[in-house]
Amino acid sequence: MWSFSGIANNIHTWLGEHFNATWTMIIEMVIAGVAVIGLFALLGLVLVIMERKVSAWMQIRLGPNRVGPKGIFQSLADTLKLLVKEGMTPDGADKLLFNVAPFIAMIVAMLLLAPIAFASNFQLWDLNIGVLYVSAVSSIMVISILMAGWASNNKYSLMGAMRSGAQIVSYELSAGLSVLAVVVMCGSLQMSEIIESQRNGWWIFKGHIPMLIAFITFIIAVTAETNRAPFDLAEAESELTAGFHTEYSGMKFALFFLAEYVNVFIVCAIGATLFLGGWMPLHIGNWEGFNHAMDYIPSSLWFFGKTFFLIFVIMWFRWTFPRLRIDQLLNLEWKYLLPISMINLLVVTAMAILGWHF
Amino acid sequence: MYRETEVIQDLATAGEGDMVINVGPQHPATHGVLHLVITLNGETIKKVEPHLGYIHRSIEKMCESLSYRQFIYVTSRMDYLSAHINNHACAMCVEKGLQVEVPPRAQVIRVLMDELTRIASHELWWGAMAMDLGAFTPFFHAFRERESINDIMEETCGARLTMNYMVPGGVMHDLHPNFQQRVKDFLQLYKRKIHEYDELVTGNIIFQNRMKNIGVLKAEDAISYGCSGPTARGSGVSSDIRKLYPYEIYNKLEFDEVLETGCDSFARYMVRIREMQQSIRIVEQLIDNIPEGDFQAKTKAVLKLPKGEFYTRVETARGELGVYIVSEGGTTPYRIKFRSPGFSNLSVLDHIARGSKIGDLVAMMGTLDLVIPDIDR
Amino acid sequence: MTNEELKIKLTELLPEAILEDGEWITANTTPAAFLPFMHQLRNDPSLLMDYLFCLTCIDFKTHLTMVYHLSSTSFRHNMVVKVKLDAAKPEVETVSHIWRTAEFHEREVYELFGVNFLHHPDLRLLILPDGWEGKNPLRKDFEDPINMIKL
Amino acid sequence: MFVIKYIKEVWTAVRSLLKGMKRTLYYFTHHKEIITQQYPDNRDTLVLPERFKGEVVMPHDENNEHRCTGCQACELACPNGTIKVIFKNDLTPEGKKKKAIDKLVYHLELCTMCNLCIEACPSDAIKMAQTFEHSVFDRNQLTKILNKPGSKIMEGVE
Amino acid sequence: MGASSLIVLIIAAVAFSGIAILISKVLLKATTNKQKGEPYECGIPTKGKTWTQLNVGYYLFALIFLVFDVELVFLYPWAVVAKSMGWIALVEIVVFFFILFMGFLYAHKKGALKWM
């Protein structure tokens, strides 16, 4: 059967036959680098057109439909437009921080790709603290936003940056707590082991209602962490015009934009891995025939299907809800999500010890 | 044409840790070229200072050189969302001076058009306000209904926004033969879709939290600030000119003056939502009972108002519009004053915004339903 | 209160005011007697003119006339107050502390007609650009050769 | 009690949000409800109502004759000075001099489509056309001469 | 690929962004003028300094966050072994959460969780 891990292995053995060990490693690194860049660019293009189509259909309009068949090349055209725009730096800005900020956003987004299992046995680095790594690295994101907002020398940017600081920092807690629910259940921080523990069913089904609550708090928290509506206070276009990236234009803006979308993809991928079984196919009890049929679908398709479903949910939020106010946003976290996920974690622990799950 | 000295003055009065920030004239939430200078302490608003005049065209001065037939068309450009009602007010004021009796058919047509305009205006307000709060989808949903009203207008009046349909003595054309059918279609569409407003916006918990107890305007303040229309009625001040000083055939119609006692942004929101239903009620009463007859009274080719002063008040979608004509007996008005609802409603913004968050300011501006050409004239 | 009753009441309040009939009673007063009269209109328990719905000015070339349209939200009667001002040096007391809406309207009249409102809390330009000098646009003698197009 | 109130609060909030999501999902799946028009593509089928006020035109019949007597009623009626009538002297067949319009200049860029000129015209010489694509690269092109070159007034129109 | 993948990813991110910005620099000739360099504030020149002290009402959040984040880091190793340790883990975490929750309630009562 065709699979990503097969391709990776083939390349590895072919390189091993023709080159020595050092060269093999270097070439593999180059291939990996090019592959992630390609994935990055492709994700940006796909997610942007997806967002535009989803929003259009929810808003009873057609959406982009001129560039290419059904408008699928629209985001390519957008990229070209952004390429030829001037990415200028305002006169009063802190030039170094201003120009470094988009790089940091990109590096964070890129680093988060490392522990994600795209298909069975297809993972850049299966480190044994995968979940902790994700929550550690993702909090660097706030630094790039703060840098961008501060360096712009623009009042709107500054306020947007301050807002997002408070926001991302707060929502990290409930995201972390809901991730811990899964960790308690399977007793490991390693991505591959978490996926393996879901061979006989996904955690969202195996863990009953507490797991569902954990999943919902996770989705809400990561929506807030990626600055997506209804938690897009850092941008809040009707209040702060464009928030922290008001002064950014051209390619520097595009990098922020891309980083945002890739972040959405990553958090959805994490969510899919932890709660929906990653690349694991859907298996129901002992329906042998059904389970076999499901196994024939490639694991990468399962992974991307689940991830894109979660991305759709996050887009769905965006195009349905009004934006929260900053104090309400923090109220939601501190008065609702945090206590709920704390109690939920206790319930999950009790369930794990009692073995009240499949 | 920014006023540099004024911004500096605001800066001078700002205290320690305060930030003076300009919202507008190029800002997505001000729906036009409104310029607010806001003094902020963190996220909390300490002062809001509107600076106007970016699209002031001095319509009052222009009207002084136009004849009584011509000046009506300029007023479409004031509050362009209730252009019809503006024209209606001017036509009524001229008729008052000429002492012309408007035929019953024309009266009914005018009222029908006014109410359709009111619905269209509130639809746009609804969508735009939801957009201010960050929900984009309602805007397009509102436009679906608004568009069908615009189509009706286009068919009968020949334009979609600045209709120029009212003339002194009646209306310019008779109704289009399709008019009744199209309006009935619209009523059906509206009734089929009205519950979506509730699902998408009104009932939404985020929306309610953004609106309730925000921008509290007490009744006595509303009166003192000269608020009118939904802004005043949200504070429980009865101010519907259609009820208090009925014009045309409003005293023969059955409709309620919508009053809410919440005094906050949500009350103002609910007034407009319920007002749309009252307008629907009026349209329903009239659409099958349009009397036959002339659509325009006979008037002279050149109109001359007698020496004197004439004042008419009408209820536009935003509140009370007063047209005050001072005539010296010539063919052009000596002085015209438009008492626009937006101007008075804007003056209340500073009062209600103090002490609230910057996100609330946007919600408040949304519920005041500001149309900048109406404020600037 | 009907117009007739209003007329009797107003003669009581301010005997020297010249009352005109019309759709609404018009009381002509002088800048000197103006402010106490307005106070009475607002506070007299049988009048309670608490709603100032229009405030404007008319340039009659020889003089300026301030026009105040008042209404009562409790009794629903309306009336008009007029004050004649000197064209060369128009000055009148502000009413912005009686009706808050007057603050904005008076600023508008100040810049468009050049009427000086005494004791106004914040008499600055509202509509005209900063540093506007010269004549007031709504005066009859205003000429702007660049922006005004004569037909 | 506090806990029950808390849970109730959360539940009503979530339900109100789900209602909104149900509505958007409905539109996401029902593409028949889409109302946008594909404007430049539907030019051929786009029919504007006959009363639509697009621009002022002067209809000519097949003999290149119009109905304008040059009475200037439209010029007077216009609030913006959009129409200017320029005269010339024509010779009638009997050899007499007769005043007739040379050019009826119409400034589209000034026109507010108020329809007053059409209402004022005593001989129905002008009417509103249903065109609306008026954009040009040069503002001068918006100044139009309504009567065609060499056109004459129709017989019997006074 | 192991830890070396992090180096690859960082290089890839920098290369990607750098190349994109370089391409856009190459593709156009930038012109500058005074207005262009001004910070955007709705078309009005900014008055006053942007980099001033400002009251964000956020510093208290930062402190509370710090408390909770440290707690969260402690929870990760606990979570891994919780299932194998059995009831003792639950009791431990209940006590831990109880103390934390008291602190949380204290902060709440003090009004530290209100946005100023």
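To keep things simple, chains are lettered A, B, C, D and E as they appear, and every chain counts its residues starting from 1.
Basically, a residue touches a chain if its C-beta (ideal position, glycine included) is under 8 Å from a C-beta of that chain, and two chains touch if they have at least 3 such contacts.
Quantities reported herein were computed from a predicted structural model and do not represent experimental measurements.
Shared contact partners of chain B and chain E, listed by label, are A.
Chain pair with the larger contact count among A-E and B-C is A-E, by C-beta pairs in contact.
Closest to the protein's overall CA centre, chain by chain, comes B.
Inter-chain centre distance (chain B to chain D, centres taken as mean C-alpha positions): 25 Å. Here the spacing of chain D and chain E, counted between their Cα centres, is 55 Å. The distance from the centre of chain A to the centre of chain B, each centre being the mean of the chain's C-alpha atoms, comes to 45 Å. Distance between chain A and chain C, defined via averaged C-alpha coordinates, is recorded as 63 Å.
Within chain C, the positions touching two or more other chains are listed as 151. Counting partners per residue, chain A has 58-61, 155-156, 241, 319-321, 326-327 as the residues that reach two or more other chains. Counting only residues that touch two or more partner chains, chain E has 41-42, 46, 54, 56, 115.
Residue ranges on chain B touching chain C, taken from their complex, read 1-6, 50-53, 56, 58, 60-61, 65, 220-221, 223-228, 237-239, 244, 308-309, 311, 313, 320, 322, 324, 326, 334-335, 337, 339, 343-344, 346-347, 351, 376. Within the complex, the chain D residues that touch chain A are 10, 17, 20-21, 23-25, 27-28, 31, 33-36, 38. Of all residues in chain A, those touching chain D in their complex are 54, 57-62, 65, 316-317, 319-321, 336, 340.
Taken together, the chain D residues at the contact with chain B in this complex read 12-13, 16-17, 19-20, 22-24, 35, 48-49, 51-53, 77-79, 112-116, 119-120, 128.
Across the complex, chain B meets chain A through its residues 19, 21, 27-29, 43, 130-137, 139-141, 144, 200-201, 204, 206-207, 209-210, 357-362.
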